[in-house]
Amino acid sequence: MTRSPRAVARNVRAGGIDPGARGDVAREDQPWAWDESRWRGCVERVRAGRSLKPQAWPGGAEVAVALSFDSDHETIPLRNSETHPGRLSQGEYGARVAVPRILRLLDHHRVPASFFVPAVSALLHPGEIGACVAAGHEIALHGWIHEWNTTLDPDTERDLLMRSIDVIERLSGSRPVGIRTPSWDFSDHTLNLIRELHLTYDSSLIADDEPYELLADGAPTGIVEIPVEWIRDDAPYLTMDRYTGTRPYTPPRELLRIWLDEFEQAHREHGLFQLTLHHHVIGHRSRIIVLEQLLEHISSISGVFFARHDEVAAYLAGLDPGATRRGSDRSGSETAAS
Amino acid sequence: MTRSPRAVARNVRAGGIDPGARGDVAREDQPWAWDESRWRGCVERVRAGRSLKPQAWPGGAEVAVALSFDSDHETIPLRNSETHPGRLSQGEYGARVAVPRILRLLDHHRVPASFFVPAVSALLHPGEIGACVAAGHEIALHGWIHEWNTTLDPDTERDLLMRSIDVIERLSGSRPVGIRTPSWDFSDHTLNLIRELHLTYDSSLIADDEPYELLADGAPTGIVEIPVEWIRDDAPYLTMDRYTGTRPYTPPRELLRIWLDEFEQAHREHGLFQLTLHHHVIGHRSRIIVLEQLLEHISSISGVFFARHDEVAAYLAGLDPGATRRGSDRSGSETAAS
Amino acid sequence: MTRSPRAVARNVRAGGIDPGARGDVAREDQPWAWDESRWRGCVERVRAGRSLKPQAWPGGAEVAVALSFDSDHETIPLRNSETHPGRLSQGEYGARVAVPRILRLLDHHRVPASFFVPAVSALLHPGEIGACVAAGHEIALHGWIHEWNTTLDPDTERDLLMRSIDVIERLSGSRPVGIRTPSWDFSDHTLNLIRELHLTYDSSLIADDEPYELLADGAPTGIVEIPVEWIRDDAPYLTMDRYTGTRPYTPPRELLRIWLDEFEQAHREHGLFQLTLHHHVIGHRSRIIVLEQLLEHISSISGVFFARHDEVAAYLAGLDPGATRRGSDRSGSETAAS
Amino acid sequence: MTRSPRAVARNVRAGGIDPGARGDVAREDQPWAWDESRWRGCVERVRAGRSLKPQAWPGGAEVAVALSFDSDHETIPLRNSETHPGRLSQGEYGARVAVPRILRLLDHHRVPASFFVPAVSALLHPGEIGACVAAGHEIALHGWIHEWNTTLDPDTERDLLMRSIDVIERLSGSRPVGIRTPSWDFSDHTLNLIRELHLTYDSSLIADDEPYELLADGAPTGIVEIPVEWIRDDAPYLTMDRYTGTRPYTPPRELLRIWLDEFEQAHREHGLFQLTLHHHVIGHRSRIIVLEQLLEHISSISGVFFARHDEVAAYLAGLDPGATRRGSDRSGSETAAS
């Protein structure tokens, strides 16, 4: 029912202008020729269910802050078969320089965080896992070698995920309960695997500012989604990749303003502020400043619930449905719409 | 007479450097080999006619403000056959979080707006249409599934447009009178269809700051064009698409300055300030601020005519030609030039 | 000796990483296998000769300011075979709205400028040519339909250039003396054609801040180069092209700072400040501000020589070689280097 | 073991989404199917060893500053077979205008620097080499014609490197001791060649802020790495290439803030601040300002060790291992990890 990711990528690069004109796409495969069951089926396969925004955060906090770091290190160039020393050293910086710098900063503010670690990254840097665990941080899943899930058949996706769970459990000392799909590339099969392998939360989708329960084909799953967003990710603004047009055009200090705006609005709404960072991106001298100043600002405020992603998920999963705010907050058009 | 959009896209990506050198382009098809009737015919097919900038706005207002929202939601990834959950959740945010937030803001300032809604988007979120209508906003056309018109044959374009009119009429309770082509991809056949289906205005072209009458091969059509511009659109600055180089490099607060500059100059010229926004782009916590501050500024000024696009079009279409400013304002080179 | 522009474009898009690996490039065609005569021949074909920076500007002015506008209008989409109404209307804005606005601004400051006009653009907007001439501006060459010279054989390039001279002479009333190659795509044959057709200056190359004499294979040609630069061009910062990654990411008011920095340094050096603008880029409400403020600043300073490009070229061509500054200013490494 | 750079570039442009789906990639060649020895072998081929950050800089300085200029001039377009005059003139600006301007600025502040010069660039501008040497600057290696090392077989890489050493030695009067691979494209063979040709340092990798010793398959080599970073390079922010999406979107004055942040943090850490500049990028009137203001700031501080890269390398190579800071500074996760 779904065209291959390769075809999609080709289309998108072409400005998405191909489908109707391409000889190798059958006429009924053009999205405007799809019948309602097809496009509705795509949309409903995995969708946001009830909001899990709580009436109150633990300790009466007025806002929750969940920081996360994707510890990709060398796995992104490896995943791309870019195995020459030059490209790999960009990831090496993350493990060698940025992780210790970030751990010191988190320790200084006594802030817990979640580290999403590809298994290969963990195997290359086992001491790092130990240091994170010793400091009280969560180690969660982030694929085997930062693979693209949507290019895999379900068996390969399951096999890589199971092996990743084993590696992370062995190195961190506890079984991971949460997953962030590499490149947020959540496939048509990912939700089934999350349920099959008894994980409690995902953090790869972007349908809300606040946590929500995932629906599978319309049915509640009990899985908590802690949503991410490119806006609250350092990579879109600051990544440098010589082979593509990706450049660090946004001045880092502008990010501070964007993230403060996100935080302050979350605070006003008594909601969640979630951030996704990459060691080899944010960990540099001129960029760690952004995280330093953000944490200084947030730490100066009282009533902040700093929490690991697994703690947020466990708190929300344990709440009575009446203790979440769906009724008051989403009473607009969506009640009727879904 | 026109080459396929696919070939165009390929050319453009190649820096436009291909045409003369490509073996598959006949020599007489190189644009520099075209005769005058060919390039002149392309230019005159659809062109800006008399300016519809009025001598005065209703109530003696000194400036008109027409806000619009393209309610694309999941239709852009669907149109691209990007049907995996990760990509679709970006559009889902628009419907689930951004629309209610935007409706509250518009209500707070008592500002009417126009919502251009692809039919599939409306079918996926029927409650949203009801909420918009109840709040006094316009629902207008924006394609079936955000298709590229220039890739379609005229019969398919007509069929999708007619089905879209039916869906929007059924869900909104009234027949739409205006259209914005998806991706502003106004084809060689679009103007004929607009006339055939008795729409009163289009809002997809960018030949002026002020509304104008569309000409078809030099002849007036009576169709009002309410022009858009990428400058007054949130997407070019803030879109994130992992598969291409499109990144949100512009800090949102810089947009406020750009749009205030556009508004203030429109005010000085006693003209129209038109804005095109996308729920999944502007509706985020750190971005809605831009719209909030813009509306606060504009609302603090007296003599502003806030209007839906259909109201602007109806007002201008009903004016006596002498009540528009073409004479005074376009008396420069263009009088002789056209 | 030179590979086709298409192959170059393909290489560059591939990160330039292809040449050695491509099966269709003979081994001796890899640039690192070229012998010295080959790479030296490429470099020396057209090169900067003696500096024409004068000891003094007319009237004892301390800085020269040469503004130029490339009046491309619909020719860029036409050149790319992008003939649908949507894309063409972007160029139409330039002719319809921006040119009158810019002419009013130039008139307000009594500043002369040079308009580089593709012949097809002039034929589509003959009244515009008349208005520019009446206001005292220069009309100069900018190709037939904004073609890529480096894709043409020499006979086609000559033919298009000759026809362009005829059109511009007929519509403007005088024979053009200067040329700016479309897209600054100066081919291996362009300099020969400039000499053959007795033009006096070119404004397409970027080897200096100050005017210089062009050398052909090491020999002086008498042709004046008035250099351009992407830094002093509005298009790189502000162009929007939906089909590529080109976006208006730079806030317009940042350009003011860049151009003021360029001007002020030119002032300190008693040199030339040259600017290349496009009507459909800079002519919008939120962007014309940049030009307004720039002209206000420059106009507030005494000792500025505002001049058309042809006036600059004529002044410099008429100077005695001793009245230029090569001796004092370029006495560094280049004396020995060339 | 490694796929060709061409295939990598194609993958990366496609969003890296190809590997699993491509028919021409054998299943066992998908990175997620690699066994541990394969991905570990890639990572360990060339890796960062002990930190060479010294306990103290010469003269008790609190920070070291190493400026470098890559004197590419015409070699980048030549390397890409872009041999038309327009493109070449962009590099010509570097040699003609920017180098003298930069030499004057360095002289004004009495700051030494390292110039990494492709051999073809040196042969095209021999006087420039002389001027740099006379001013006390280092001339170091930067390839033959800015070739991509990872596209070459080892013999071609060696041959080009040996010829480059000969040219630089002949023109500069002394044998170069350091190398920066063109485009930082450090191949699988580069480290072996560095050792074979008795160079003392490389400056192409980015695994640390501070210098370190290179390991080859886990074994110390004695080669000093003086790391670079795209953050401390002018090209990513300011390059303009018409054929790709590369644009100078970052306002130059924002770079000053980024580089001051990098410097100030280096100062606080008593470490190294290294910068990579390109004449044709930074040497323009509106950009040299950034370097001027940066040098004015740094020069106003006491306790700064300004040094050429060869001087930094010689100082660090001569230190007793106990005089470097690995123990204190890298005692976190990496001790256990590597």
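Lettered A, B, C and D in written order, each chain numbered from 1.
Note that a contact is a pair of C-beta atoms (placed from the backbone, for glycine too) under 8 Å apart; a residue touches a chain by one contact, two chains touch by 3 or more.
All values reported here derive from a predicted model rather than from experimental measurement.
Peer 1: Where subunit A and subunit D touch, do the two copies share over half of their residue numbers, giving same, or under half, giving different?
Peer 2: The interface of subunit A with subunit D is built from mostly unshared positions.
Peer 1: Tell me the angle, as a multiple of 5 degrees, of the rotation that maps subunit A onto subunit B over the C-alpha atoms.
Peer 2: Fitting subunit A to subunit B on C-alpha atoms yields 90 degrees.
Peer 1: Subunit A to subunit D: how many Å between their CA centres?
Peer 2: 33
Peer 1: Whole-Å distance, subunit A centre to subunit C centre, using C-alpha means?
Peer 2: Their C-alpha centroids are separated by 47 Å.
Peer 1: Out of subunit A, which residues touch more than one other chain, so two or more?
Peer 2: Residue numbers touching two or more other chains: 5, 8-9, 13-15, 17, 150, 183, 242-245, 249-250.
Peer 1: Write out the stretch or stretches of subunit B touching subunit C in their complex.
Peer 2: 1-3, 5, 7-9, 11-22, 29, 31-32, 34, 36, 39-40, 42-43, 45-48, 150, 181, 183-188, 190-191, 204-209, 227, 229-231, 236-237, 244-246, 249-250, 254, 257-259, 261-262, 265-266, 269, 330, 332-338
Peer 1: Can you tell me which positions in subunit C touch subunit B when the two form their complex?
Peer 2: It is residues 4-6, 8-10, 13, 74, 78-86, 88-90, 92-93, 95-97, 99-100, 103, 120, 123-132, 144-145, 147-148, 150-152, 156, 160, 240-245, 247-249, 251-253, 284-289 of subunit C that touch subunit B.
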